[in-house]
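Labels run A, B, C and D following the written order; every chain starts at residue 1.
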Amino acid sequence: MHHDFKPSKYFTTIGSHEPVLRISSGDSVSTTTVDAAGCDATGEQITERGNPMTGPFYIEGADVGDTLKVDLTQLRPNRNQGYSGKMLAPNVVDPEYVPNLPWPKADEARWAQWQVDIAANTATLLETESLKGSLELTLEPMLGCFGVAPPRGQAISTATSAEHGGNMDYRGFKENITVYFPVFTEGALFHLGDGHALQGDGEMAGTGIEISMDVTFKVELIKGKEISWPRGENDDFIFTVGNARPLDQATQHATTEMLRWLINDFGFDPQTANILMGQAVRYELGNMFDPAYTFVCKMPKRVGSVKLVKD
Amino acid sequence: MHHDFKPSKYFTTIGSHEPVLRISSGDSVSTTTVDAAGCDATGEQITERGNPMTGPFYIEGADVGDTLKVDLTQLRPNRNQGYSGKMLAPNVVDPEYVPNLPWPKADEARWAQWQVDIAANTATLLETESLKGSLELTLEPMLGCFGVAPPRGQAISTATSAEHGGNMDYRGFKENITVYFPVFTEGALFHLGDGHALQGDGEMAGTGIEISMDVTFKVELIKGKEISWPRGENDDFIFTVGNARPLDQATQHATTEMLRWLINDFGFDPQTANILMGQAVRYELGNMFDPAYTFVCKMPKRVGSVKLVKD
Amino acid sequence: MHHDFKPSKYFTTIGSHEPVLRISSGDSVSTTTVDAAGCDATGEQITERGNPMTGPFYIEGADVGDTLKVDLTQLRPNRNQGYSGKMLAPNVVDPEYVPNLPWPKADEARWAQWQVDIAANTATLLETESLKGSLELTLEPMLGCFGVAPPRGQAISTATSAEHGGNMDYRGFKENITVYFPVFTEGALFHLGDGHALQGDGEMAGTGIEISMDVTFKVELIKGKEISWPRGENDDFIFTVGNARPLDQATQHATTEMLRWLINDFGFDPQTANILMGQAVRYELGNMFDPAYTFVCKMPKRVGSVKLVKD
Amino acid sequence: MHHDFKPSKYFTTIGSHEPVLRISSGDSVSTTTVDAAGCDATGEQITERGNPMTGPFYIEGADVGDTLKVDLTQLRPNRNQGYSGKMLAPNVVDPEYVPNLPWPKADEARWAQWQVDIAANTATLLETESLKGSLELTLEPMLGCFGVAPPRGQAISTATSAEHGGNMDYRGFKENITVYFPVFTEGALFHLGDGHALQGDGEMAGTGIEISMDVTFKVELIKGKEISWPRGENDDFIFTVGNARPLDQATQHATTEMLRWLINDFGFDPQTANILMGQAVRYELGNMFDPAYTFVCKMPKRVGSVKLVKD
């Protein structure tokens, strides 16, 4: 069953909030998300800033110990203007270099503005000194923050991320990706928001090109399947997501979850799983800006003679 | 001028050792490297294990404050057998998962053996339980450890890395890559070794497929050009390399060096360099096993309307 | 005004829960806390495990941007038995040493039991192999987890800590200490629990000697006084508390907050504050076990010719 | 046997340099150290800056796998003037606070000068704005950098530290302390220097009050005793020293070495050693400024019913 859902309220935590819609495994939903500053498709601010979430969506029958599969089937910026940070975050450069960053002057606009042309698939910076002309980049729309209600009745700020997902800001979360979340509470309670028209690895400027979006997603419930961290896949890769600080710990979470996946679901003996990952694993950086950083561990579905495809 | 150099001694530190050959800017050298365990093309151990280096090569005219450009023009495994670790390193999984790693039994061989077929471009694991048949991977030969003598008369173990290069274990250091090193001492004193037939990101098993190699490299001296960390480029990317623990600090070094490169060499004003990196930067993981980890910051040479090509 | 409060419900998050009592600035409260496992003075488990909190207490007139001063005037174990971890946490030893830790056998009790003698001020381990007799330690009762509701309507697990306080497990939080918390929400909403009869630095075993307690505290509201992290003082020291991972970041938070305190409240010019801290600062470790670690920056109130005492 | 040794050359790495004196187990040496900037008792710069070392001293009979015991029997500043940093290091404050540090102006002296009065046991800051009078602190002389030659023929900068000791900047390294170093090379090759008249925890300003010193030390060789990291003791504590970045890893090294010490040398079974450390361990911060940080794990020699004293 397909639902068209128009949000009327938003949350800046991911938690056990009153659901906005109850849906079933197999259903799809078309909805909208506001940008990180709470602005909608018209550019008007309609809710408090700070990654406001659309949702939560209650998935009938979901309970602790299940897995929620989410397909992002459509992810489209729905307006022609976005904004981004003008300065890399102080935590991603050498401490002694921090004063050399281009700190905005007191009277200067804090954000850079981009013209987004959805038909042409481009974002064009509206101002820049040294490029002597336009800085034009190709769109790669992605979802910065989404996930399910965390355990223990927690309500976790959408500024950060953990086992439940959240503000991961990973470029790989784009159209046609599949993501799996551990279910920590009855109904799973899926939230989504924080669309980016485009973003570099690490979200090093503290933002992508922040924009409101039209999103369609489909959910499927995998009963009795327990996972520890978000997982995902596309045609070419399976991947696991670790959210923590420092990066070292995020890497440990993602790597361990991949070992569990290969051993428990794909039937590798532990030693072969270790040997294979040692020579074939890939890593990608989600955000390195939020309180928790995001590191992604990827395994190619087809590598040499190995096929990571379940029957 | 081209030199054919056959090494007769090796070093397990990178330092101000007596040069084995003096060469000039513009010269190329064809030589060989032993594997990490000190074994040569015949498989015989001819020197102490621990990433023994071929070199150092003294570059005439090089001095503190210059940059040494090195082109890796040929990088070929020169025997048909390699070895790799059988277990991911304990530091890359969750601490509580460490006892679940496949620790080798007391009477078990510590290394996995691989059959390397250079003509077919494959490495085949000689033993494995669960793959029910061969695990065969495609070769991607790379150099794990190379660099120049560090400052202050230091002699730094080839187990680790720093501003001078060293044991970076980055998959991108393969044939046809160009690398730039800061020169810290008279003659630069270039060392190289630790070839891998193949390696996953992070060298998570503590090794690639370790193998001896035939290597050809070309040096060029850039007088009076000062850089802070290793840099490199290929047809598609420029990149900078940070070597430190934790990964957060390695990222800071690489990111800062990229900012300096864009601003000082490509003429970007600081704010535009920051905005551009924020939306277009990429990161890749060198090793996450050695005392210092390696993180690589990459910028595409052509991204949207921007071209990072010097005239 | 003094209140005697007998709790009837507990929370395992610190958040904007319904207050259990409304009190005024200047009031004191005597109450009880259950241990980390939810057991009360009789040893009976009366609520869910995981650092259940007594409270929250609503302080009349408190609002965002104020500071809440809390004096811990009495802190007394109220039963004669406590428990502790039997093994150091895997994250505080070298990764390769983790398998050598004394992992409990499948049929072994997970916790060590201690006889607590309040009159004699001792805790005696009820079992041990190698000490050939009793292991008896002196009590130093402390409060592991307390704080105010965090910002943005968050409800944060009592397993961790942040700007609002929480599970800091710092040995210095004992009788006669004064602690200051930033107020993030109307009424401040003070929670407390997780008493320890005794604890080593770092809570390296994942627990102190966990025990239920009788606690008396007094609150005072400092209107319009904004601080960023918990602060505290006793007769000899002022101190600031940073809660984050890794320890490096916890140290940055605590050190920065101490600089702000010296400069903004004690009237030091920045350079003198920096010079003085450089030669006189002390650090102590709260927990190094929870998701966020705790590091404490201390300045002696009297150091050489300097007196950090406000008139 | 006692030696009076007057140095005539200095090293800014710790390595397998030509020994300046050969001594025997049981011998003591009285010598001098220059300050971090290479200045001697007269204040004259006589060697290159950067923690120049007196030594190395060759201990007859020492070899790989032994332990070198060093008693610091006398540690006395030998001039009346010292200097310190004027600003906390950028890496020890929040990244976004870095521009607010009191960065010295272009025409400003980089170092604060202190008048050191050895008879009165005080250091007095020669300039300060806000203290309206003198800032006078009590001397606590200590040795910042000392250790033995590292393994593999390395020569490691005296800016940093590792298993061999080096630039640890721990306030506990003062008169009447005993330190144990693992021996990595024939003769052990003991180096020392970098005296501080006084220092805060963490050497957060990048320096203590840097000064030249008269030092007397005594060596004793413990044949066949293998340790992994520097250890030490005084009347009240035994302690172990971890040198690494980040602090988390330094803590892991020190904690693991303490477990080994308690289990292998004091005869505790592993579980009792873990339980005891959990409730009685203490930690102190050496430097948090150098490339490798230093964290110290301490156990009281007498804690409750336990005595850590070998017969």
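Rule of thumb we're sticking to: contacts are C-beta pairs under 8 Å (C-beta built on N, C-alpha and C of every residue); 3 or more make two chains touch, one makes a residue touch a chain.
Small disclaimer: the values here were computed from a predicted structure and weren't measured.
S.K.: Going by C-alpha centroids, which chain is farthest from chain A? Tell me that one.
M.R.: Between chain A and the rest, the longest centre separation is with D.
S.K.: Rounding to the nearest 5 degrees, give the angle of the rotation that lays the CA atoms of chain A over those of chain B.
M.R.: 180
S.K.: Which chain pair shares more contacting C-beta pairs: C-D, or B-C?
M.R.: C-D
S.K.: Just the number, please: Cα centre separation of chain C and chain D in whole Å.
M.R.: Spacing between the chain centres: roughly 32 Å.
S.K.: When the centre of a chain is set as the mean of its C-alpha atoms, what distance in Å lies between chain A and chain C?
M.R.: 34
S.K.: Where the CA atoms of chain B average out and where those of chain C average out, how many Å apart are those spots?
M.R.: 46
S.K.: Among the residues of chain A, which are close enough to touch at least two other chains?
M.R.: Where chain A meets two or more other chains at a single residue, that happens at 91, 95, 245-246, 248.
S.K.: Please output the residues of chain D touching chain A within their complex, sorted ascending.
M.R.: Interface residues on chain D, with respect to chain A: 89-91, 95-96, 98-99, 103, 246.
S.K.: If you look only at chain C, which of its residues touch chain A in the complex?
M.R.: On the chain C side, the touching residues are 12-13, 15, 50, 152-157, 244-246, 248-249, 291.
S.K.: For the complex, which residues does chain A have touching chain B?
M.R.: 84-88, 91-95, 97, 100-102, 112, 122-123, 125, 128-131, 133-138, 198-209, 245-248, 251-253, 255-256, 259, 267-285, 288, 293, 303-306
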